[in-house]
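For clarity, chains are labelled A, B and C in written order, and residue numbers in each chain start from 1.
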Amino acid sequence: MWQAFVRWFHKWSSPKWFYTMSQPWSFWLGWAATLIIASALVWGLMFAPVERLQGNSYRIIFIHVPSAFLSQAIYAAIAVLGLVGLVWKMKLAFFVAKQCIPVGASMALLALVTGAIWGKPTWGTWWEWDARLTSMLVLLLLYFGLWALHNAMERPESGDRAAAILALVGVVNLPIIKFSVEWWNTLHQPATLKFTEAPPMHPSMLIPFLMAIVGFYLASMAWVLMRTRLEILQRERKSRWVEDELNRFAEGQ
Amino acid sequence: MTFLPLLKSVFRREMQLAYRRRSDLANPLLFFLIVVVLFPLGVTPDMTKLADMAPGVLWVGALLANLLSLDLLFRSDYEDGSLEQMLLASLPPTSLVLCKVWVHWLVTGLPLTIMAPLLSIMLGLPGNALPLLMLTLALGTLSLSLIGSIGAALTVGLQKGGLLLTLLIMPLFVPVIIFGTGAVQAQVAGLPWQAHLAMLAAMTTGSLALSPLLTVAALRIAVGD
Amino acid sequence: MARVLSAVGLDCERDDRHLFRDLSFDVASGEILHLTGPNGSGKTTLLRRLVGISSVVDGDVSWFPDSPERTAEPCEKIWYIAHRPAVTLLQSPLENMAYALALHGIQVPESVVWDALETVGLRGFEDVPSHQLSAGQQRRVALARLYLPLEPDRVRAWVLDEPLTALDIEAVDRLKVRIIDYARAGGSVIMTSHHGLDSETVRTLELGAAL
């Protein structure tokens, strides 16, 4: 059992194996994500019922909430991958972690933008120092820091390890940041501006909502896979198989 | 040979170096002074409004001043090769890092803390909040030196690490600012402040436990490059 | 003879160029390993890997492989004098020595340190800030630790990166003699240099040629 796991782990930690195996995966994940997100949005934006308190403006949750979920999940994934990379010296984990950064940052940005758009009809202002928006902003800054550190390092291998350390510090800090911002928020905000707790959702809202979340997960995975495949080609460019692969591309053109 | 006398001579070396670079040490203090002077000029000279903002202004000013000086924490040791020797020492490198961070706090965080009451008068902060302001600043700057040492280690090999260091460390520092200023503001408003202080102390203790390990790991990357 | 160091399958690639590939060698006690090769052939990188501070070389290095103290991090068992000699310019030679000894956990009477500094020709400069010294004199501050009369099993190997640069002829000769004496007493030396060393215990390893 353990032996089998170790063998599996070794296989998957080889960039070449990963590159070869991930091709159909990124294809099918991408299509599945597109289909699910499209149907969730059509259902959510056009057919789901109007919400009692907020009217139609609530519909932005079909984008806002999944992207907010993903931005946090991806940061956690970066930290875990970084730890795997540092402990087992696994190159592939670093490659994936690096390419998760722009995806996670885009999700955080999307969550912030949709949050602001949602804030306009709900609060009457584009920006409110709401606890969730504030911690999302801090998360976006953490993403920027990771990316900047990668770009500042001369050797990509050093950038990988440095960013892994930073991600570990960040992931320890993230719950504390969220907690502190919520605390700060309750002290400073008049209660009227707070979101009321969402009432239990009607199935006709809940199903497209869950579909949107699943769709965003799949889309992020597909995106990270595609970016990682490019990263592998770039970082392993001196190896024989990448040369062959690139030649194959050139001939195919 | 025992551990403590060795650590003492390392500590003595760090203090000596800090003393011989004393002109560098004045810069964070001057920066702090200038931020606090610019603030009323830019916002309002109204003392009652300034008093409301004073805890936040003093905290942010002190932290930025402390952060600016962190870039130099490992730089000269990196450049002259001492850092390599530290990582090869028979003493645990974490203890050397702690020693450096402690000295950094003694020559930066502590003077900033001592300077804060003077500047708080200029911002009209009520006098009864002073002891708590100083206590939170002392804890906060120590915690910043600890967390910042990770950032300083990550950027020590880079030509222009200073600005990047700020970008890396500031987001991590949100909770400390919140609890630190929160405690002082709560006391000024006559509310209970003990919980804020406890959280701040917990943050500082946590960073004391974790940051030396991560700093050493980051230094190994910088040196091993 | 007991091995002091064993390196297996060292492999280094920098900027798309292989500096060395599958390099394996042993160093015995009492042996001097002289690394030669043109500039940029990876000598410094190799030394840094041997002492355990470089992350750009793959392969295995173990110190004292035949004894229970087998380790990858020799720490206080060796003197490593790098290209950047770890001389803090704001401190005097005496203070620099004291710090180097503290990091190594070595305690010797101060008179011994004075003697070592005198041997390398820094008499009268002991208390001068190092930034007032010439490049050669700064080099000597770092080299002074090699002249300390330590027990042979206290520091068992020297790893020296271009120790002879910036020194005058007399100092070069003195250091060569010192290195050979140290090896004769059972210590091992791994060094890079563009100078030759005349001794029957010197083995040369050339980098940048065998590829």
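Heads up, the rule we're going with is that a residue touches a chain if its C-beta (ideal position, glycine included) is under 8 Å from a C-beta of that chain, and two chains touch if they have at least 3 such contacts.
All values reported here derive from a predicted model rather than from experimental measurement.
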Greatest separation from chain A - chain, by CA centre: C
Winner on C-beta contact pairs when A-B is weighed against A-C: A-B
Central chain (distance from its CA mean to the mean of all protein CA atoms): B
Separation of chain B from chain C, taking each centre as the mean of its C-alpha atoms, in whole Å: 37
Rounded Å distance between chain A and chain B, as computed from the means of their C-alpha atoms: 32
Centroid distance [mean C-alpha coordinates] between chain C and chain A, Å: 49
Where chain A touches two or more other chains, by residue: 155, 158, 161
Residue numbers of chain B (touch at least two other chains): 221, 224-225
In chain C, residues with contacts to at least two other chains: 55-56
Of chain A, residues touching chain B in the complex: 86, 138, 141-142, 144-145, 148-149, 152-155, 158, 161-162, 165-166, 168-170, 172-173, 176-177, 179-181, 183-184, 187
Residues of chain B touching chain A in the complex: 147, 150, 154-155, 157-158, 161, 164, 167-168, 170-172, 174-175, 178-179, 182, 186, 199, 203, 210, 214, 217-218, 221-222, 224-225
Touching residues (chain side chain C, partner chain B) in the complex: 48, 51-56, 73-76, 80, 82-91, 95, 98-100, 102-107
Of all residues in chain B, those that touch chain C in their complex: 1, 5-6, 9-10, 13, 16-17, 20-21, 76-77, 79-82, 84-91, 96, 220-221, 223-225
Residue ranges of chain A touching chain C (in the complex, touch as defined): 155, 157-158, 161, 238
